[in-house]
């Protein structure tokens, strides 16, 4: 039974998970401590005959302590999170040699534009695929993302990656898969009535498999691009 | 009465100042100054006029300090909102 | 603009106002508070019913809903909720709960009822505006309710109505529903504004002699700060919604990229309102809980002054954290880092408050009354809601859990486990004052126990769903292979949610029965120090016979040397041995 | 705190003379200021959006003075400023209990406000005829939204001012009861102040 994170398959996933567990352990400990204290107080200081409450109005020292400790822990957390965040989302830090893949989302469909054999986006040998992203394991990719109609959000749980696609904005996201296999992707920003079925898959190949797949696309790509390109979406219909 | 304790300001003088500042503003537009200089001077003139209205017509100059704090409270928020959002668009 | 109302006679014994001025178009803050109470409890019920529809579809996707056959074919073909209906339910559940249930319950009811009574004023500063604040809620609520039934259906853009989904009918097929949503929210904003202006002015200017700022009960402090948040945040929402409305009706393009508009600007403006709104929904709850915990523990609140400063700190920081709702929105990542820091800092004052509540219980003599139980539930649930918020504050972790059920769990731990338990606590606590009758304690405890258990069974598993990667607002999770194994959790949540909803019948029954033939309440059934407990239940029009004088702070419980274990604020403290005060 | 005893009898905000609470500000005036604070945030949303859309993004923007007529609006600005002056004169007259003066200056204020709104309506008419509409790009959208809501505020102000003037003719502000005048005056000046900002930012820059 899978009732927890899907198995990680990207370069950043492990770090995100570690950070998650750090926070989980800290907050878990705080949770147990505080709730236990609450329970102990409730039992110990319940109303009993012969004992009255003590008229205490506060304690500056205690308050300084319990202000300072969380403040230090929390600021540390922020400092730990910051570098990882910049690495994932700051496009200036992305690897130079990454392969660029285009992604345009429209209602309930993901349209990927592949650079073709020459590895460059924006020329004649580009080809398109709908709802399927083919990647080579351990290679750096940068998705050049935009949306045609409304705000969508690309969510690949196994990669721990999420990024909104906003119409009118050009947003980039770095991906580096570390495990071969097929992984699901979803839209995680309400985008219309068919939001729930805006499903796609990421197929992570070995370099050999990818080359074979690329060859097999030679004939299919032209037809696919035409089909994926400008078919009007079924507006409003789920 | 709190309102009568201060001597009434010379409203006509304030009015004259506002009128002159408005004329200066319009003049600045037609002077063909460098864009940046024009914007800065216009913003400065507008704030000056707004201050005159707030301080004299709305009597803020003669009110207790505490009321002044109430009134000034939203201004930093307005700046934070505009600056924050403008910064937010220089995206990845 | 000149809010000249007729002077309210303060010392009336014979109240000869006609029925309609007394109970319908009343300017009496107590009647207005009670009007708000019933109105918002109604909307709480509506919001709860919509939630049941959501839960049915998530637990049993594609199966006919019980009684679903009664719904029109266009809404639920064959009794099965359609995707459009589902998203409509999600949108309207959020909208009703936030704007028409929790916010008026906290602000409309308690601010109206408590502020004048607790500070020793005969009424609000502007009673007539106060009346308008309630009567504007009626058209606002009617418009929002009507939007459920108009052609094209209600808004389906989520309660955050993100543009361009919301402002372009072509994307969803919703025209009028979304426009009514906008109009309703603008009127709501006006109502909230009139209320807030009143609360602020009243607290500043109408305090009784001796009621200094640092003698105000924490509930009044909280409601005051909330009103400040409301007058600063709600107008921004109104402005943003008006632009959204123009986008739909007169062809502007504020949020449409077509001619240079910015979808992201909607999100910024919305969350600039939206985050302070979160604190509007939790601060009054904190204030109410502080009052009740001090009362239940028979002790002064621990660290009163730091409690006040913590609230002020939360209120200020609340305006500079809005970006944390938008970490994954395509916003500048450097700005996101700044928002991460401010967000993390805001956890500190919240932590201070929790520790101070624990400090209040320490060495107390805890009476487990129904209000106290609900208040304690607030504290323990707020701890969970607060701690789960730290996950989202950390931007990389947020990348995974943003937009998943983890967020849904978090918001419900804060809004239901937090605000709603505090509202229940407040209703049980002040009901005797409002109606002169005491709610049944045994039924109250049954209601509390059932709600507490089923509430946790409903919302805690949502954390697991979220970590498993289940997105929020999806019609059918079984579309995804990786979510299928978690479907049993969804079924479990759905069953718990139905039981949670059913448990509320106990409270409704308790209220109805008490109003019909309840035990008459004492003037001061909880032995509290507040000024509201020095006047009859319910208090007469004009509240106080003579203007009360306040001698000390609001939480003088168990004072050594006092005849009882509480000293009402209108009585001086007993002479104390040197070293104290 | 003795002030409270006085407030007690007139919580109606009806403008009793001693109704100053803890901060020493009359309740009615304080309420108006709090209301104006929220108005500041409302206009921040509108004007802020304009600033953001125009300078925060790379949207194309026409030179305002190629679309709008500056001289006539400058004159209109001057009219609004004049009405602010007449308002403050009315207030001064009310403080002095100079009833004829109060009536005269109030009438002039109403006249100024009404003229402003009329000129604005004329300007709208002219612009619409030229084909400049709310749907004409972002500038049209924000121009009409901002000036429209400002105009709406002026219209509300004129209507309340008419009401206040009627009350003044009935002697409701005689004998030192000038707080009503002061309160409406604050609103009036605020609307003037917003226009000063709008005129600069929308028409001139």
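As written, the chains take the letters A, B, C and D, and residue 1 is the first residue of each chain.
The criterion applied here is as follows: a contact is a pair of C-beta atoms (placed from the backbone, for glycine too) under 8 Å apart; a residue touches a chain by one contact, two chains touch by 3 or more.
Treat the numbers as computed from the prediction; the structure is a model and nothing was measured.
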| item | value |
| --- | --- |
| Centre-most chain [mean C-alpha coordinates] | C |
| Chain located farthest away, centre of chain A as origin (C-alpha) | D |
| Chain C-chain D separation of Cα centroids, rounded to whole Å | 34 |
| Whole-Å separation of chain centres (CA-atom averages), chain B against chain C | 37 |
| For chain A paired with chain D, centre-to-centre distance based on mean C-alpha positions, whole Å | 49 |
| Residues of chain A whose C-beta touches two or more other chains | 89-90, 169, 171 |
| Touching two or more other chains - residues of chain B | 73-74, 77, 81, 85, 89, 91-92 |
| Junction residues of chain D, two or more chains touched | 20, 23, 25, 30, 34, 37-38, 41, 44-45, 52, 57 |
| Chain D-touching residues of chain B, taken from the complex the two chains share | 1-4, 8, 11-12, 14-15, 18-19, 22-23, 25-26, 28-29, 38-39, 42-43, 45-46, 49-50, 53-54, 56-58, 63-64, 66-67, 70-71, 73-75, 77-78, 81-82, 85-86, 89 |
| Chain C-touching residues of chain D, taken from the complex the two chains share | 1-2, 4-5, 7-16, 19-23, 25, 27-28, 30-32, 34-35, 37-39, 41-46, 49, 52-53, 57-60, 133-135, 137-138, 140-142, 144-145, 149, 156-157, 160, 164, 180, 183-184, 187 |
| Touching residues (chain side chain D, partner chain B) in the complex | 17, 20, 23-26, 30, 33-34, 36-38, 40-41, 44-45, 48, 51-52, 55-57, 65, 70-71, 74, 77-78, 81-82, 84-85, 87-89, 92, 95, 176, 178, 182, 185-186, 189-190, 192-193, 196-197, 199-201, 204-205 |
| In the complex, chain B residues that touch chain C | 73-74, 77, 80-81, 84-85, 87-92 |
| Interface residues, chain C side, partner chain B - complex | 228, 232, 236, 262, 264-265, 268-269, 272, 319-320, 322-323, 326, 330-333, 335 |
